[in-house]
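Here's the structure, in structure tokens; my notes come after.
Each chain carries a letter (A, B, C and D) given by its place in the written order, and its residues are counted from 1.
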Amino acid sequence: MFARVQHDDFSQQTLYDELCVNAVPQGAGAIVTFTGLVRDFNAKGGIQGIELEYYPGMTESALDTLLQQATSRFDIVEAGIIHRVGKLANHAQIVWVGTASQHREQAFLAATFIMDTLKQSVPIWKKEWQGNQASWVAAKADDSTAAMRWLQSDKDNTCDNA
Amino acid sequence: MFARVQHDDFSQQTLYDELCVNAVPQGAGAIVTFTGLVRDFNAKGGIQGIELEYYPGMTESALDTLLQQATSRFDIVEAGIIHRVGKLANHAQIVWVGTASQHREQAFLAATFIMDTLKQSVPIWKKEWQGNQASWVAAKADDSTAAMRWLQSDKDNTCDNA
Amino acid sequence: MVTVKFFAQVRELAGAEGVDAPLPHPATVGALREQLMSQSTSFEDALSGNVLMAHNQTLCNGDTEIAVGDEVAFFPPVTGG
Amino acid sequence: MVTVKFFAQVRELAGAEGVDAPLPHPATVGALREQLMSQSTSFEDALSGNVLMAHNQTLCNGDTEIAVGDEVAFFPPVTGG
């Protein structure tokens, strides 16, 4: 498993190959990848790129936990996440998720789960640029604390013992 | 949309880029890919590669129809399928499916749908090699005719008018 | 004549990739199949059991009508992907 | 002291990436938040409303106990992916 936060762009081929290094010897027959791209519009009209902020340390740890959760919930043999941060132009690659399984259904489900959970619970914040103004994107989850708490279920939860 | 049957191996990056040529100008924010690999075992033990046979003409036409069906059923802006034929070694890439959508859920659903339907209804047949013997893989669908007939629902169906 | 094609197990059992056949009476895919099965024991083996049929590269059934110059294919349930 | 970090809108409203704060009484994340909000109007703006809290990089709530040397972060609901 691998999870990285980086500013630099990523190569589809390189990440696919990295996933296969562990996946193929474990009998993987199905590889699913998801790539998120910067869209060039929002509800208010055209945008000129985005900017992503993260919490160094906590973000990587949340991604690691997310991969562990996906591995325990689904019958997958390997998974990886790359998330870019910083300023990204329209159409740039933002996030890549890869999953490998012996059976395609599990690979699809695990990749879907990772993306759904990532959007709700990994500490990353997005700004959209319109002209010279950058606006923070509003969160969709009504109860964001509940959404994020999910990530803690496998961990020694010092907070809830307080 | 693009669908090809070929013996040669394919490159993840090249196919991803090919999908993006049409997908990105149409506002795609989500790209999903599926890759099927030759597994090195079956229920009876280890295998030494597979061999895939197809029906030149009908197979390509079935893949085209499948892409049209996926496009009409799901909110996707682009999709592609590559299926290899001939003799393929263990761990080789067999099939690639890519879908692009404004929203990730539709991209995931369309890719899942394409793979499920492809396995049931596209004229391709698989042999597995064990030692010097090659055995045809048994079909899983109980009613294969029904599974394949689904592909005809959008076409001028001369057969059913007979 | 009608162009007949065989694929996968059907091809191997038939011992041929295909054959040209005269138009059967009645002129249907089902009658063509019967005509081929009576032609040799290997064709009989190949075409009995769960065999799918295509007429001019579209899946069809035994009632489908055929004409001179058409292409008819027989093959087992598919197993690609 | 406790290391306090702000992110995204909270950081911008606070006008700072973080601050070192004395251990509050009681020594909880909630008391720390109250203490910071009474410190300046920009901190008050930043920390009112729907703000999430993390203690040593794990999501927590206001009752979470803290000690000298701990790291506490305040940030809005996440919007990555």
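As a working rule, contacts are C-beta pairs under 8 Å (C-beta built on N, C-alpha and C of every residue); 3 or more make two chains touch, one makes a residue touch a chain.
None of the values given here were measured: they were computed from a predicted structure.
Least step count on the touch graph, chain B to chain D: 2.
Among the remaining chains, those touching chain A and also chain C are B.
Note on chain placement: the centre of chain C and the centre of chain D lie 75 Å apart, centres being C-alpha means. Computed from the mean C-alpha positions, the centre of chain A lies at a distance of 25 Å from the centre of chain D. Distance between chain centres (mean CA atoms), chain A to chain B: 27 Å.
Along chain A, residues 36, 115 each make contact with two or more other chains. The complete set of chain-chain contacts reads A-B, A-D, B-C.
Here chain C touches chain B in the complex through residues 5, 7-9, 11, 28, 50, 52, 54-61, 63-65, 73, 75-81, going by the rule given at the top.
Residues 36, 52-55, 57-58, 61, 83, 94-95, 115, 118-126, 136-141, 144-145, 148-149, 151-152, 155, 157-160, 162 of chain B are the ones that touch chain C when the two sit in their complex. Only residues 11-13, 16, 24, 27-41, 91, 102, 104-105, 107-108, 111-112, 115 of chain B touch chain A when the two sit together in their complex.
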